[in-house]
Structure formats: C-alpha cells, structure tokens
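We just call them A, B and C in the order they show up, numbering each chain from 1.
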Amino acid sequence: MLEFLNGLAAANPEVPGVLLRVAGMLAFGALVVFVFILPVAGITSWVERRVWARIQSRIGPNRVGPGGFLQWLADGLKNLLKEDVIPQAVDEPLFRIAPYLVVAGFVAAFVAIPFGGSLIIADLNIGILYITAITSLVVVGILMAGWSSNNKWSMLGGIRSATQIISYEIPLGLTIFPVVLVSGTLSTQGITAAQGWAPHTWHMFHNPFLLVSFLLFFVCALAEGNRTPFDLPEAESELVAGFATEYSGMRSLLFFLAEWGNLYVIGALVATLFMGGWQVPRFTDDPTLLAVAQFFTIFLKAYFWVFVAMWVRATLPRIRIDQLMALCWKYLVPMALLNTLGTAFFMVLFPEGSLVVRIALVAVVLAIIFVFARRVRFHLARARGLGYGAV
Amino acid sequence: MSVEIEFTDDHGSAGGFATEEMTLNMGPQHPSTHGVLRFVVKADGEVMRRAVPDVGYLHRSIEKIAEKVGWHGFMPYTDRVDYVAAMTCNQAWAMAAESLGGVEVPRRAEYCRVIAAELGRICSHLLAFGAMGMDIGAFTPFTHAIREREMINDLLEELCGARLTFNYLRIGGVAWDLPPDYAHKVLRFLDRFIPLVDEFDDLLSNNKIYIERLADVAVISPEMAIAYNLVGPNLRASGVDYDLRRDRPYSVYPDFDFTVPVGKGTWGSVGDCWERYIVRLHEMRESAKIVRQALEGLPGGPVIAKVRRNFKPPAGEVHIRVETPRGDQSWYVVSDGSERPYRVHIRTGSFSAMSIIESLSNGLMIADLVALIASLDVVAPEVDR
Amino acid sequence: MAGAAECGGGSVALVELSRVERDMEIAAIRRLLHDKLGAAVGVVEEGPHYESIRIDDDAVERAAMLLRDTPELRFDCLSNLSGCDYPGRGAIDIVYDLYSYEFDRSLVLRVSTRRGDPLVDSVERVWPAANWLEREVFDLLGVRFRGHSDLRRILLPEDWVGHPLRKDYVEPEQYHGISTVRESMLGIRSGS
C-alpha cells in the first residue's frame, strides 16, 4: 500500500507527498473498515446467534433475509435510530468517548493483519508488537466506560476488565515470543512468509513448545477478547451487563461490535502466527487470482477459530475472578515462559527445524482430532437415539 | 483454586493504601435474583463482607387473601405461593382443608395428585438446573432444560388446562381424572427424559470449571442447616437424610419405592453449592420413578370425594408439612368453623433459605453469592407470598 | 454422587405407632418443662388435631433452650412460627412448631400475649431460623419480640402503617398517593 502511495506521490509532484500519503492511507483505511471490518463484525454476530441457537436446540434469528442473514443490518439500523440515552450523573465526555476508543482499539489492529501476500494496510516491521500494543486501547475504553457510568456494577466490570486484560497481556505476549524466535521477525508478513502452505510447515508444528504456545495463545486471546469462559467484565448474571450497563443505542452496539470484531482479530492472529496465514500453494501465476485465494485461505482459517470461540462460549461456564487471576499467574505465565525457553533450546539444537518432529506433531494433533471426533460421534448417536437427531 | 483473604477491621491502615467498603445494591431487578429479590451487599472489591437480603417486593398478602375468600376459593391462590411448583402448594392446601374437615380422599385421587406433584417437581428442578447453569455462565443447559420442561408443561396442560398455575387439586380430590391414554404419554416422556438427565451430567455437572466454581463454596454444615431450618434438597445436600415423603409420609407415598439422594461431598465438602445442585438432579430421577410406579399402580374409583360447596370445617387448627421441590412447606391453618379460613400461615422453603444467606455471605465473592442464591433455588414469590 | 439412602416408605402401621408414641410423650415433656420452669408452663391443650403446651410469654426462651438442649428431647429445629389474632379473647397467640430431626418428633408450643401490648421473648438465640419468622410476625401482626437482634418489617415497606393480619385491620385508602382500590373493569366496585 505504502509503495503504491509513494509511486502516486512521485507521479504527482505538485501535491505535497505527505498529504497524499496520509489522505491515501485514510481513504484506504475507511474502505477496509466499511467494506470488511464492519460487515465481518456484523455477520459474526449473526453467525454467533445461529451457532448458539443450533447448540442450544433453538432456531435463532431467521426472519430478516435468507436464514436471517440480514439480521445484523436490521439490528444495526435499529440501534442507530434508537435514542442515545446519557444518564444525568455520568461523566459525560468520558462516557461519550469510551465506545469510540474501544472500537478504535480493535479497528487499528487491522492495520497490521495480513489478508494476503500483498493485501495488508501497512506491513509494519514491528507488526505483531503493534497489534498487542494497540489492542490495549480497548482496556482504556472499557475502564473509561466503567468509571464514567457512575454505576458500581459498571465500575466493577471496568475494573475486572482492566485486571483481566492487563494480566493476560503478559502470557499473550510471551506466547508470541517463540513464534518470533522461530521466524526471526516481528512483521506479520514476515511471520507468514516463514511458514508454508502445508500443515507440517506451520509454526504450531515447529516444535512441541510452539504447539503448547498455540493453545495458550488461543486461551489468552479469548481472555483478551472478554469471551466466555472469561467474560467476567460483562458477566450478565453477576454484573448485569458490566461496563455496558448504562449504555444504550449505538454506543452500546459499538462495544459489541468491538467484541465480535475482536473475535476475527483473534482468529486472524492465530492463523497468521501459528497456522501459515494466507499461504497457499502456488497454483497460478495470476497475482489477482492468487490474492483472492490467499484472502479466502486466511479468512477461512480465522473464521474456523471464530467458530471455535463461539462453540466454547456456548459450552463452558464462567470462571471466577480469583480463578481467572490464578490461572493467569500460576499456570499460563510460567508455562509461556517455559515455552519461550524451550523454543530457544530447540532452536539451538535444530537451527533449521526438524522434519521428524514436525511430522510427529502433526500425527499427534491428528490423533487428538480423531479421538475427539469419535466422542462427538458417540454423543451425536446417543442424541439421535433419544430423538434429537434432526433439529 | 482459591485466594486466602485476610480480614482486617482497620481497612488497610497497616502501611498499605486505605480501602473503602463499597455498598452495592443488587436487585430488585437483577438477572440472577430469580424474580424480585434485593440484596444490599457490602463488598471490599470483589469480596463480600455482608449481603443483607431485603425481601417483600413480591408480597401479595396471600395469607390475608385466604381470610377473605372461602376454603374452595383459596385453591387458585395457592398456585401463586410458588408458581414454579404450584402443584405441591395446591396439595398442601387441600391436605390442610381435608384434615380440618375430616374429608376422606379417594385413593385414585391421591394417585393423581402424586403423579401431578412429581411431574411438577421435575419441572421445578429442571428450571433450577437450567437457571443455575445460567447463573454460573453456561447458557446452553438452560435451553435444554427448558425444552424438557415444555414437554412436562404440555403434559400438565393436558391434565388440567394450565401450564403454570394449575389449580388442579380440589378439597377432597382432584378436578379431573387423567385424560385418556395419559399414562402412555407420560411413560413415553419419561423413557426419553431419564437418559437426558445423564446428558445433563455430561453437559454441566462434571464440567471442570463448574465444579471449581461450586465445590467448597458456601458450605452449610448439617447443624447450621437444621438451626436455620433449611429444608428439602438444601437440607439433604448438607448430609441430613430426611425427606417428608419417606419419613413422615402423607398421601400415598408409602406405596412407592424411591431413594432419597443425600449430599456426599463428591468434589468438595458436604453441603457446598455443587451438592445442592446434584441432589436436585438426582431427585428428578427419583420423581420419575415415583410417577412410573403411580401410573402402574393406579387404582380405579372416583377422583373426588363428596365435599359440600359451602365447605365449613369444624373449628380447629392443623400443621401440614408437604415436601415441595423447595422442601418442607409448613402450613398452619386455623378454622373457626366458618366458611372462610380464620388464619393461614405458610412457612416456605425459600423463606428459610433466604434467611441463611446473610450469615453465609462474609468472605464470599460476588460471583459466589450468585452461585449461592441459585444453589439454594430461591424463588422470590415463595419468599414473599 | 448422592444417592442410595435407606429406601423409603415404612408401612402405614409403623407411622401410626409412632404417632401414638408422640401423643404419649407430650405429657412427659410438659412435666419436664414444668419441673424446670414452674408455673410459667401451662397446661397441655387438647385440640382436634394435635396438642400443644401453653407457655408464658416471658418463659419462651428458657423453655426453648431446654427443649433444644435436653438430650432426650433435642428439638433442634423450629419448623414454623405463626401468629394468630383473637380479638374476642383480646389475645394474640404465637404458635411454635418444633421438630426434632434426631427423634422424628413434633411439638407445638403456644404462647398468648395481650393484644394491646403484645410482647414475647425472642427465641432467635435458640434457633436462628426464628429471626425472620419473628420479623414476619412482627410485620404482619405487630407482636414485638424481646431480645430480637433486628426487629424490622420484613415483607411490608418500612413506612407501612398497621399490621394487616390483625382482624381489625382496615386497609388504608392510599399508600404514598397511590390508591389501594382498583376500580373493577365491569363497573362493580371490588373489595369487601
């Protein structure tokens, strides 16, 4: 993108180059926001409701559009038209800014997320660092929302969120270290380029520590995204709606937009860091076709993890705040540290990686998936026996 | 996983920063209060020092109403005492009136009552199960429980035309006999339902997070349970093996063979939240057994005794205790020989359960309070009447 | 898993037997109380459905303590505590329904207190369950309990006037400007 703008600036010397670059980046950013991020966040809400409904033997939204597909648009429209209630006793400037800050935090993360070999807003050389840093803006927004609402439940939610997100930043960052060690770069494109399209070339199969890192990363990312079982900040049955209690209309929707959008960020990060990102076999020389294939590859990989997050949310209860902290500091942080050390040792032993280890790890994961699939089949068969085959 | 919290009366004056207790108002409208309950919570951050229940938001003066409507006329109001398990409240009132008036209930009517009451118990426990999962943050069990509850509601609707406030019992018997082919329908439901209880176990009971959240939380010792007059599943979860249906049998319960589940401390201590939860799950199985036996042994004959329209029991007073899903419901009914009850007092299971919360609350976390309320299966209308 | 406790039922005959035993014992319990508390313990009152022991209002707590702590009685549970207004006698009766889990035995205590100034010993220190039950009686019948730790209204609002379960209670026309009378939609005036 930057190269393109540089070229544009060179071709039009009468316009100040900086202005052109800034305007160009903003225009491109807006395009990505409106064409990709908002629809993805919206559609994720529809998918989540349908997946949930299916798991809970309900139907879910099915009225607006085919299979209820346009439900997210209807909801968005409804929320835009709703009155924006601002309670009298709130700290108004903070209360108004908070949702924007949350949305800004998650939208800004998309800057460094690769959608394909050439599809990235800016291939920052500190890409992954930038993402972890900028997503922390979300916690500021949530804390602001909780504090400014002048409501004790909101404040508890805000404080919970701050504790949770700040704590989980640490294991999250530590689980990224091994990936950076292996690929030798912080750039998201560089990390993707260090992997191949075949599963055994993915980072998650590089060595056993990275496999564990991958699992830890997903857990921490769920906690970062306030998803069940870590949805304490908005724990419905405890804190009503947590930090979002006093919000209504579009402002309230923005929080949830950020949550659903964050899901995609989590999925895309998992895909980029551990699962080969947009890597596809070089089946054609046509760059456009290749870019489309790459885009769909990473999109599907990311969406698989979005689906898993929904599945987890529909299955697990919520843990308590002290358990949350204990899990983070007593288990995740030490394990993540060990992984970093382990990967470093592994790198010393096998500087080029080991194909045997890779194949073995793929086999292990396949075996786990096989056992899991058998269990699923057993439960499905039992449910069918009870007359719950087809919903 | 748990944290050790030291309590100091002077809030952190020992060198650290000064902290301040926060007063939280939980309810009357709060997602986890199962109706309209209110707690005034004194909390030090997430840790509670004290949670004072404030009840009465659903007070409908049912006891006063009883003094204004006739003996027969009070029956629909008893549904509203505990609308989650209306059938057993009906039963208590019918038993009180029959006991005062010396009415002999036909055997078939007693069987119909037991079938209805036990189906109602499954219904109530299903709601408790689902709501408890919901309060701990697992949303899926709720819809699965409600799906099954709908089927019982259908069955009960077929029996008496209502799905929630049944008004099925009458003084001297029941309003209607079982509809044709009813036994077959109920048995078909039970055949399908009981394996599902195992599925509930898979879904929720043995979930690691669920156990961590509930085991060893808000432990009630048997002595404390008795002193606070906890009843029903809450009492049994504390290890007191007592069930009115077995130990002070009424109606035709001696005819049936069933076990009484008691808390065993599977994952934590006897009397913790998880035990209270699992006892209810097991009771569903036992209730299903009773329904099955009642349907098999259903005698013939009339379903209602001859009771005067203008029912005037002789002066006197009775204490009736009935095992409702929320435990021993104690009715004190006084008759002065007139066509209206002189005094009715209902001590419900939820009332006792609510009164114990304050003494348990110190040191629990706010999330634990939610778990505690859910595990005691407090139903707000039953507290307030 | 919880589960296999001794299985239920017990025959009807057995139940009848234990009821007879209970009936025999009430006189003995009364004698025991009488020995300790003297004249404060009244007679055993026969009723059509059960008997009760009458106790003076200032001896309830002592009697309760005895009933709970005497090893052969062990009434460890206050199952119910109700009040009933008898304007004809000028009295309010408080009825204690006790239960012993150990011996599976019930006992009813009955206390009469003057309607004009109803005051009864609290048994909260004996059975914590009495806390709320006494508050309820206070709320609805206006009986005060001596030594109760927290005697407030429980079901009705703090500022409610009167005690609705008294027989001479007249419902106020309005509460905080809200009418307590609802016009019938059929045009028939409701209320008695």
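Here is the rule we go by: a contact is a pair of C-beta atoms (placed from the backbone, for glycine too) under 8 Å apart; a residue touches a chain by one contact, two chains touch by 3 or more.
Given the structure is predicted, the values throughout are model-derived calculations rather than measurements.
Participant: I'd like the most central chain, judged by C-alpha centroids against the all-protein C-alpha centroid.
Facilitator: Centroid comparison flags B as closest.
Participant: Across all chain pairs, which one has the most C-beta contacts?
Facilitator: Chains joined by the most C-beta contact pairs: B-C.
Participant: Averaging over Cα atoms per chain, report the distance between chain A and chain B in Å.
Facilitator: Inter-chain centre distance comes to 43 Å.
Participant: With chain centres taken as the means of their Cα atoms, state the distance from chain A to chain C in Å.
Facilitator: Taking the mean C-alpha position of each chain, the two centres sit 61 Å apart.
Participant: Please tell me the distance, in whole Å, between the geometric centres of chain B and chain C computed from their C-alpha atoms.
Facilitator: Between these chains, centre-to-centre, one finds 22 Å.
Participant: So in the complex, the part of chain B that touches chain A is made up of which residues?
Facilitator: 1-3, 22, 24-25, 30-32, 45-46, 133-140, 142-144, 147, 192, 195-196, 199, 202, 204, 207, 209-210, 212-213, 365-368, 370
Participant: Which of the residues in chain C end up touching chain B in this complex?
Facilitator: So the residues of chain C touching chain B come out as 1-12, 15, 47-50, 76-85, 95, 97, 101, 104, 106, 108, 127-129, 131-133, 140, 153-157, 164-165, 192.
Participant: Which residues, counting only chain A, touch chain B once they are in their complex?
Facilitator: Of all residues in chain A, those touching chain B are 52, 55-58, 152-153, 156, 159-160, 228-229, 231-232, 235-240, 314-323, 325-327, 330, 379, 382-383, 385-387.
Participant: Going by the contact rule set out above, which residues of chain B touch chain C in the complex?
Facilitator: Against chain C, the touching part of chain B is residues 55-56, 59, 61, 63-64, 67-68, 99-100, 223, 226-229, 236-237, 240-243, 245-249, 253-264, 266, 275, 278-279, 282, 314, 316-319, 321, 328, 330, 332, 334, 342-343, 345, 347, 351-352, 354-356, 359, 384-385.
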